[in-house]
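The letters A, B, C and D name the chains in turn, as written, and every chain counts its residues from 1.
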């Protein structure tokens, strides 16, 4: 008998998940990537490091986050729904899991500074937070358009002692912030760690970030058992770069659960993309016929990214996971329904996953299915935007 | 041998804590208060109710919240500081503990509607949240001045399906919102429960709210033991009405810990008040020589209340707890220091307690003291205000 | 028996229904003349509000009157001073909140009221259980402590309230604050519940906004209290003649 | 040995230091004339940028050139078309990002470059481990795959890069992106590390902004690459004469 195929294991030695992944960075960054990979492998097999990581998650970040049965929404949709409450993690989303891991690694590598890219500011705030806690210097790159849209998140990072650099190149949004962070990293790599915010970038980042986020799936699997659920029929998460999805999928990849990732229609790398290389990785990208990267457009800044993590590209290709897109027009209604039925205002990112669940209940989600929804973040950051949209409509 | 005196036990049968408390409401509300008292006594001795309350806190609200050692701030101040992280509870403060208890009681009493008063909107959002979860109708009264200052919290409540009523009488702030809620309650008491937001109002509210908040102190006491702390030297909390303070004090009232409550200088009922009757209770109130209630003025809407819960008035009188005041001018610096040192942006309310700790470190708080700080809420709601203040200063 | 109850019983004994208008003390310079006008127009007793910053049991009209009067510096003392100018021979009843008399000192307040010919007091935020000290203070002076009975009050409690109230029993017609919703409401039922054990004069108040409502309420009780409808006229700038006309309208409706 | 390396070695053999200016393809209508002017002024080879939307290794100047050129619809094909008009006999080297050639098809891209007389290519986001497929494609055409060596590259890895690079070795003078900080930096050390095992021509680039810097760098290497300083002149509206003057300045400094 042959071994069963296992999903979401380590990438191969070249950092590939199937044909995706890799390490497409300038030579100047290769030593840093190698150092990081070695440091991570070492740390991740060091019980003391894992204990420290888990302790910080528990004592500082509020883990484990609960699993909440969504009874009223479930009744409304004819589903049995459980929500993994990353919105209750410190700073309001799953992003904190990753930055706690990466900042601890930074200390371990003896570096004194971190940099990060951010779109809406969630990952930036999370990084600034973890950096403040450890006394690391922190610089966050943010597209100028986003610094204007998210002025309060900029201020939040500054309160946390970070410097926020508005990026004025290109489309002046997330993708350009990544470029700029890479440029800073090339320059300052000796004492600086680039704390990437999702399962993207060059190897070993997609792997590291997935590992640091996999606590979501591990916890959820254990917690569902307390509700008498052995394996949910479907696990649903929204997908920007794909870190919250990777984190929860990791707990169920080797079960019979369907894994469903929901992209924004205007940032749908699986639905509308093709293979390419950007930001250090080979993955699915939205690009034109000449290989120029397209700008993503989504109501939700966190999904406003033209690529997807390479492991997701792989899971899509081998059909272990399914990816669908939700357009802006369905997102607000989903946010409202969850708010009214359950008393949880989700992030606009998360609302994409909710919208798909609403759309497909009774369809792709057969009535009576047991669904695990990754409630990746809270909507407080989005309330002003939602109000403006509803106001404009009325 | 005589029994030791126990603190923070049940009030007497007239709802008094010492000479404070009582039930100063119109006859029309007496039956509702009696019904509530009976329902609470019944529920609070019903293992099934307590189990339900605790289950909702765990599965929905994210309890237990962690205790976080504040190492960098502690080193800076020469103290050993632990923070009880109510900022991580659902909706961002301790307010959720109380509303979950009260909405469950509402269901148990067979009422279909709740009303609440709110200042900045924290208690209103929490009530709207708990009401949405249970499918209760919810109306929130909010001073017109506050609805304008906190437009996003108004919208948040509306997203959660609640109606927000701007109160145009009096100073159009929190105290008037309480008056208006009382008026609504008189009118609709048959099917409506008034979900009061702090340890105030007529008996049995101060007692009920304290009991629902005492989970804070119970958890913290257990959690400190895990850090090898038997009893902290000092327990510190900010005090508006006094619910977060009552909740954490309850866990330590019968230990040797000093209990310290911090009021806003402009809303200091202990420091600047005298005994009086307002909002159904006899307590310490800020009032003029004729018994007219004064308006409180604080940078922090949640401390902008001219009274204090009656049990605190009692604890102050018998000197079991100490109360001090912090002026607006010290609050922003405290918020910044905690943010930069620990990666936690506290609510402006909470920042008062931090400010006192900073001021008294090495003084009233001897160097080396073990301090338990109730981190009652997160500062996200206040970031815009803080930015405006710092901007105006610069 | 306090003088207030004696006086009201005396009127009732004549077969006349009691008409008790409410005025906010100090609301205008000439508020004393308003009272006099009302008496001239047929009021049998007058309720005089002593303003409080947080009138929890009052609707928007009387709230506004409270706050407006306070801006003029009105106090318990200033009202008593003003009343020394009053030329009218009907009973006066104070209406205020507990913190006002508490702050003044309960005995001192009761004494001051009695000295100013105010022989009754309604404190709506003092329910039965809390009223003891105030009743004691009132008993030291000739001030009747008037208790309210609400539509929600259960029967045993009605009996207790009826037994302890002084001067008269204030029967709330509605579960509402003053001036909120209009009509006789549950007044008849509340009065009947008082009557089961007591023959103290029972007046219906809260929600009596029109002469017709007053007439209906008076038919099932010993009389009515008219508050917001009257205060609104004064807030709108009405003077003694408007007060007189309004009260005359109520009087004739009740008497017809 | 690819023709690019042969050509550069031939120049080196004469004792002349190589001067390699960088032009962004399609940046202006007359960009071909700029190239010609540079050659006239003494360029030994020319690097030609094929613009990419996300030029991760470039500083603000070349980024802007990328994006401006893209707004004119520049593509690999359009650049090759333009080059058919070029009248100059120096080696050409493409500089672009991997996604451009990947999307075009690696073999097809290499073939297209060679057909357009471009006999080298620099792909800065292709490190040693990922470069295999591209080198294979280049080997099918006469295109040299030029590899970069960074100041951070450890010795064993320098040896591998020096062994595998084709045409020349691109020695980054600095840990920086193009045009970011100026000066020779670590160029001397990087070149020396290459030299330990290889005599492939080694050019210093990144941060060579002035003739003086170029002179210093050329003294410790086989020549220099000049990018942002030149592109800035063109972004500012400079034409062929400005290009010529600039290159002449570099040329004479290097030769002096």
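Quick note on the criterion: contacts are C-beta pairs under 8 Å (C-beta built on N, C-alpha and C of every residue); 3 or more make two chains touch, one makes a residue touch a chain.
Worth saying up front: this structure is predicted, and the values here are computed from it rather than measured.
Colleague: Both chain A and chain C are touched by which chains?
Modeller: Of all the chains present, those in contact with both chain A and chain C are B.
Colleague: Relative to chain A, which chain has the most distant C-alpha mean position?
Modeller: Relative to chain A, the chain with the farthest C-alpha centre is C.
Colleague: In whole angstrom, what separates the CA-based centres of chain B and chain D?
Modeller: Spacing between the chain centres: roughly 67 Å.
Colleague: Based only on mean CA positions, could you tell me how far chain C sits from chain D in angstrom?
Modeller: The computed centroid separation for chain C versus chain D comes out at 97 Å.
Colleague: Using CA atom averages as chain centres, what separation in Å is found between chain A and chain B?
Modeller: 35
Colleague: Of all the residues in chain D, which ones touch at least 2 other chains?
Modeller: Within chain D, no residue touches at least two other chains.
Colleague: Are the chains arranged, by touching, as a line, ring, star, complete graph, or other?
Modeller: Topology of touching chains reads as a line.
Colleague: Go through the chains and record each pair that touches.
Modeller: A-B, A-D, B-C
Colleague: So in the complex, the part of chain A that touches chain B is made up of which residues?
Modeller: Within the complex, chain A touches chain B at residues 58-60, 62, 65-69, 72, 85, 87-90, 92, 128-133, 135, 151-152, 155-156, 159-161, 335-336, 339-345, 380, 383-384, 386-387.
Colleague: Would you pull the chain D residues touching chain A in the complex into a rising list?
Modeller: 52-57, 59-60, 63-64, 67, 70, 75-76, 97-100, 102-104, 124-130, 147-154, 157, 161, 172, 175-177, 180-181
Colleague: Could you list, by residue number, the parts of chain A that touch chain D in their complex?
Modeller: Spelled out, the residues of chain A in touch with chain D are 14, 22-32, 169-170, 175-176, 179, 182-183, 186-190, 275-280, 285, 287, 289-293.
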